[in-house]
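In what follows, structures are represented as structure tokens.
Below are two complexes that have chain A in common, paired first with chain B and then with chain C.
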Partner chain A sequence: MITQDLVQVFDMLSEPAARMATAPMLALAVGVALYLLCEVIDLLRTARPIVFLGSIALSIFYELRILQADSAPGAVFDGTFIADGQTALWGILFLVGTLLVWAYSVGYYRENLPFKAEYDALILCTPVGMMLMVGANDLIVFFVGLELLSMPLYALAAFRRAKIESVEAGLKYFLLGSFSSALFLYGAALLYANGGTLALDALVAESNLATTGVALVAASLFFKVSVFPFHLWVPDVYQGSPTPITALMATGAKAGAFSFLIVRLTPLLPPAAAQTVAVIALVTMALGNLGALVQRDLKRMLAYSGIAHAGTLLLVVAAGVALGDTSGGEQAAWYYMGAYLFTATGAFGLISLLEADGARFTNLDALRGLAHSRPGIAAALSLFMLSLGGIPATGGFLGKWFVFAELVRADMIGVAVLGALFTVVALGYYLRVIAYLWMEPPPEGAALSNTQRPLTAGLATVFCCLGVLAMGLLPALFLDRMN
Partner chain B sequence: MLSALTFLPLVGAIVIVALPGRSVQLLRMVALAVTVAVAAMGVSLFIGFDGTRAAAQNVLETAWFTLPFGASGAREVDVHFFLGVDGVSILLVALTSILMPLVVMSSIGHINHRVKEFLVWLLVMETGMLGVFLSLDVVLFYFFWEVSLVPLYFIVGIWGGDRRLYATIKFFLYTVAGSLVMLVAVIGAIYYLGTSSIPALVESASDLPAETQAWLFGAFALAFAIKVPILPFHTWLADAHTEAPTAGSVLLAAVLLKMGTYGLLRFGVEMFPEAALTYAPVFLALGAIGIVYGAFLAWAQTDLKRLIACSSVSHLGFCVLGLFAMTEAGLRGSVLQMINHGLSTGLLFLLVGMIYERTHTRRLDRFGGIATVMPVFSFFFVFTVLSSAGLPGLNGFVGEYMILAGTFTVSPFWTAISVSGVIFGAVYLLMATRRVLFGPLVHEENRKLLDLGGRELATLIPLVALCVWIGVAPNGFIQKTAGSLDRISHRVERAQEHMRIGRLSTAQQTVLRTEVER
Partner chain C sequence: MADTLFYILAAGTLACGMGVVTARMPLFSVLSLLGSLFCLSAIYLLSGFQFLAATQLLVYAGAIMVLFLFVIMLLNLGDEAELQGHLGFSLSGKKGLIAGATALSLGLVGVVGAGYSTPFVANPAYERGVDDLNALATVLFSRYALPFEAASLLLLATMIGVITLAKRQRTTDAGAHPQSAPPSTDGETAA
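Right after this comes the complex of A and B.
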């Protein structure tokens, strides 16, 4: 039986469309295998970064080929997986995010060097999961993607084994994550019982059974993207995890789940659900922003801010459900998530750089007067804060614009105004970070150790800054690719 | 021309970032050179401006990007990098460009640490302010509108007084709350009308259903009302003005508040005249109450700078009153009064800054008898106070008179209330003058004060000259605005006509329409 199945898979792969659709994921998978091989063979150890970067570059190349192809592969493998321009754009986003997280990881770990190879291999696994998620047109394929993303993240969250917070974060994430996976499976089972199929385009939520099923699947996704009432794990896990991994969870993992939520699941929801989704989104924004307002720890603050941003993005889902048309919502979500990816990765990355200086830098007080000793880091962090707050000339502003534009299109003006006012609360804590950086005097006698910073982290920061500004000032660069 | 005017300060800021921070003199010279060049461009723009034409002049338009709404191709709006100057903005552009070199000069007296950063923010701010007034695309306008908040946030937050953090965050959040509501309206207007160019929006906005016009107007008006500030939203103003360094206070009072009145005129009265007419009574009332309330607020202050800040609430009440009288005289007076307030309140903040640099206090009871030790300063102070109080022959009188004359035909009641504000204005300003300048010199430490120096005189004299010029010969300035403002008052008249027809029965409407068509 198994050999027969394998033969069938290879038959399918020999189709050009299927090959094209899976090439980005295969490039990464081969990369993971080669990377671990290089680790074992002493001669090849120096080739590890080349393998890592090479497989990501190859994967981006294949995604670009799908994006620019005259006829995208579309649905392959009996319609269980879709690869088109849309998924390719998301794929590029995931890959860039992974690359940035890797760049910030270099030099972040001092104590865990022996496991460097496993760490990098696990990071390289995550975009495969994300790509499967966004392309899935079948609940099982999605689930495989979800687990392929989650499993490495459980391990990575607990990667600093010597630190109790890290272990706690890993355990918490693992327990609650398995819980949400169980929810997903239960929902999928109900949907299968209802319709006799797991294919997404055949699922129509019309019976109570199917509605329950869709609700359970949505709840599981809400957990992944940290939406009320499934957001409680976020602050602890984000705070305890190694900071580059926090960045990966906050951006890549969230983008993966959101892309599926918007591209695949939203069309299934009945228009009557729009109100409910909008209320959940607004409550999430309120909880996230108010929670962030009282935090003294930067990572916890960014965790709550991430919850608020998830709420904002959920507004797109509400608008898409109300309109019965997600084409605009997909663009809005991609732009918003793209801007958020550059911004949040950059912000977490800078925090990780400061942590590596030795001080307990995740506390807000440690930022006091940082502009005097580290003007470059202070300037970049301020830019990211303004982008998170959605001030024009940054990508965050246009992301917010597209979200509100969807709401206006769906005639949900009241929701848009409420959402806008929550953003004002958000600026309260983003501005406080800037105030600590630039307007407070530096503490007495706090000479920072002049540690050598890895070049990759500097490059990643510059890249994030450029990304944020390009998305804010030259949106045509990105919008043209979407059509 | 306009893009050079807008972006030269930004280029200057980048140059200053690249220069070493230690050579403070060089940095100041560069900033001064840039702002003087911009001022020269602003003045030549003003001279070359043809006031009889209503349409925007010196227009510059290039494609920027395409905003999608929904699926690709479903509805797309081309956003343009679209700059131009018309009668509504020309005076404000000229005022901004002329003020900046003076602000840079004044900063030499009180900004002594982190000079480099200060000059960078000052120049970035100039780009933001000019951009707001020159944008003819609503997306571009919104860009500049919010971007101009950031420099001021830093200016107040780094170089401000003791409660600077509180003041600067309060200022930012208040303004941003309004702008985010406005953002929804901006998106709405673009989506409903399918264009983002302001002239095109103005032309087509009256086609929208009345309710849509009403909420769009409301959202725009809220943002601008907070910025002006109109009465219930004024609490950020006193804190921000008082805590800001002199340069920041001058820019806040002279230019940033005008963004609010400019917006009310551009996006309230001009774009949605029907909604503006419907809600005009509310704004007239708030304007008139603001005039009196602001005057009382100022009267009660013991801090000289706070007193001037509160007087802004009162003076801007006049601008609001004139705008929402929606008559020709009211509009012209209001636009002129924006400039007048910029000049006289700018001067007052400069003067307060100068005395603060010497005494390090702003409390009224720490002064007294200053006239005997600083006669030149006293001359300028009395002159400015009289200009601010609206003495005939100086600038304030012309604007206030035109506003009151324009409002009288619409609402004699609120005009009468506002006139009493003129009297209270004279009361608190003259009281402050007496307590600062005259009486016995009770505080020994004030005996050794030095009078104004050459740099300070150079800062003050251009503004004083403008005050006299506008006071004696206001026509040259009013004429520049005439073309555009006349078109706005025509639009208002048409809207009035339209609303009158709308109130009639359907049968009468058909009769009227056929008559009009004939």
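Right after this comes the complex of A and C.
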């Protein structure tokens, strides 16, 4: 009996499909372990960046292999985890985001950071969590992924612990995050009581109990992606956290939760929920955009803008629920999130560079006349603002285009019109940043200390700019991969 | 008989839970929590989950509660005033009421969600005794092998996070006394 079970277990674990599906995560996990080992052994200290980049590269390679395989692994581990082209595309997005955040961190902290190795190891853990989330077909797998993403972020948010804002951000994020985890567990328990299983495809919402469970799970996800009415923590946490970590929260964490919400949870929601989701999305967009209009702090402004973007993405969920078919919505969401990832990471990264250069406050005034002293940074930041605002020829425009096209396909014209109106409001504060950059005279005698900027940050900025432009001008490059 | 016992234990769990939030002294809160966990594990036992009951007692009532007590004794958080001094805020009065009301409404969500219609039926696929240790291990290492392994990475990440946040900061200046150096090296180049 026992030997039989053992044989069965080994068969399942040594399946080629299971190995192929878990390889990207395994590469990262091994990378974390090696990275920590390199920190301990003096001889290997210089090898740390190689280990970091190597494990990310290896992981991307494995994701590409899943993407190009003739037969994707599909559902493995008794159907609890799914690895196919869809999850591989999301996985590559997570990995690129993590890489960019790391590159900006090098410039942000320079050399004098205690616990630098721990910082990098924590960053390297987060994409594993996101991959688990997008591939999860079982609530337990998803929950472990969610925690694997959140735990490092709690610690990273409070990483500059000599700064009261950073500690406050970490504590707020931790307390509210634990609350949302508890909500998720409560919802999962109700779903289990209803169906007697945690497998997602068996969780058809047919009873009150199941509906309540799905609602609680959705509420916990709404917290992670900062959607009304769970968005109140965002400005404080984004402002207080170290800026590269803010970028990771705004892009990576959001992408992980949204990928699950759209790919896995949307097919489970009853069509009647479409109106509710659409209303929540529109309220979120309104609150985010109106909140951003009055902000003078750049990080707070981008935080509110992030709330607005989460609202826009939620419209995809509404459309998918109404249509009862998410194939188009998945593409739209990936494209939107990809464009947002390049843009927001780039914008937060540039702010982190300015901070490291000595701009003590991330106030709008710090940008006054930057085009004269730092034309490169000013030009890149302007491009990112245009993309966030959804100006044609940038990735942000096409992302919005796909989202609204999906809404029209779902026959939700009124919602699409309202959403488009909100994005016009958003242009107000994005263009204000550009005006400050190019049209204001530089303040007298406030020259920034011209320190050497590390190569990685420059490369990351160039990469972000290229990503934004490629997604705006050459959509076929990405769309071909999705079909 | 079993039904009566269940209601007694459930009432005990709830009463002890109330005790956790209403006790004036943190020590009594911890002891109430202990009582609540004991009642809960007895309920597990009653439902035939011996392993779960034992784990609950060993891990929660044993290890974690002892840690709680250690922290309370070490920091001398004997009474509420002391605790407020450490936390900088109080959770009594209005705030406690709000927190309690939130928890209660969350509980009601479940009860209302359950409605009167939904019967709690066990899934026939899971009829095989879950507490069968053999079956438990098989499920853990086959169906749930992935989250099981991922949990180890999660624990590692949590450990790293806790250490970086709690450990006394190493200083980058050579020669500076580690204890007396101000913990200001947070990467901000002072303008």
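In this text, the second predicted complex is superposed on the first by the 468 of 483 C-alpha atoms of A that agree within 3 Å, B and C clash if a C-alpha of one lies under 4 Å from a C-alpha of the other, contacts with A are read in each partner's own complex, and residues count from 1 in each chain.
Note that a contact is a pair of C-beta atoms (placed from the backbone, for glycine too) under 8 Å apart; a residue touches a chain by one contact, two chains touch by 3 or more.
Values in this document were obtained by computation on a predicted structure and should not be read as measured data.
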| item | value |
| --- | --- |
| Partner chain(s) touched by A:M482 [first = chain B, second = chain C, both, neither] | first |
| Greater chain A contact set [chain C / chain B] | C |
| Partner chain in contact with A:L175 - chain B first, chain C second, else both or neither | neither |
| Partner chain(s) touched by A:V294 [first = chain B, second = chain C, both, neither] | neither |
| Chain B versus chain C as contact partner of A:L132, first or second or both or neither | second |
| Which of chain B and chain C A:A158 touches, first, second, both or neither | second |
| Contacts of A:D325 with chain B and chain C, given as first, second, both or neither | first |
| First, second, both or neither for A:W401, with chain B first and chain C second | first |
| Contacts of A:A193 with chain B and chain C, given as first, second, both or neither | second |
| Residues of chain A contacting chain B in one complex and chain C in the other | none |
| Residues of chain C defined as touching chain A within the complex | 106, 109-110, 112-115, 117-118, 120-123, 125-126, 134, 137-138, 141-147, 150-151, 153-154, 156-158, 160-165, 167, 169-172, 183-189, 191 |
| Of chain A, residues touching chain B in the complex | 323, 325, 327-328, 331, 386, 391-393, 397, 400-401, 404-405, 407-409, 413, 416-417, 420-421, 423-424, 427-428, 431-432, 434-435, 438-439, 474-476, 479, 482-483 |
| Sites on chain A touched by chain C in the complex | 1-2, 5, 8-9, 12-13, 22, 25, 29, 32, 36, 77-78, 80-81, 108-110, 112-115, 118-119, 121-122, 125, 128-129, 132, 138, 140-141, 143-145, 147-148, 151-152, 154-156, 158-163, 166, 170, 183, 186, 190, 193-197, 207-209, 211-213, 216, 242, 355-356, 358-360, 449, 451 |
| Interface residues, chain B side, partner chain A - complex | 64-74, 142-143, 146-147, 149-150, 153-154, 157-158, 164-165, 168-169, 172-173, 176-177, 180-181, 183-184, 187-188, 191, 215, 219 |
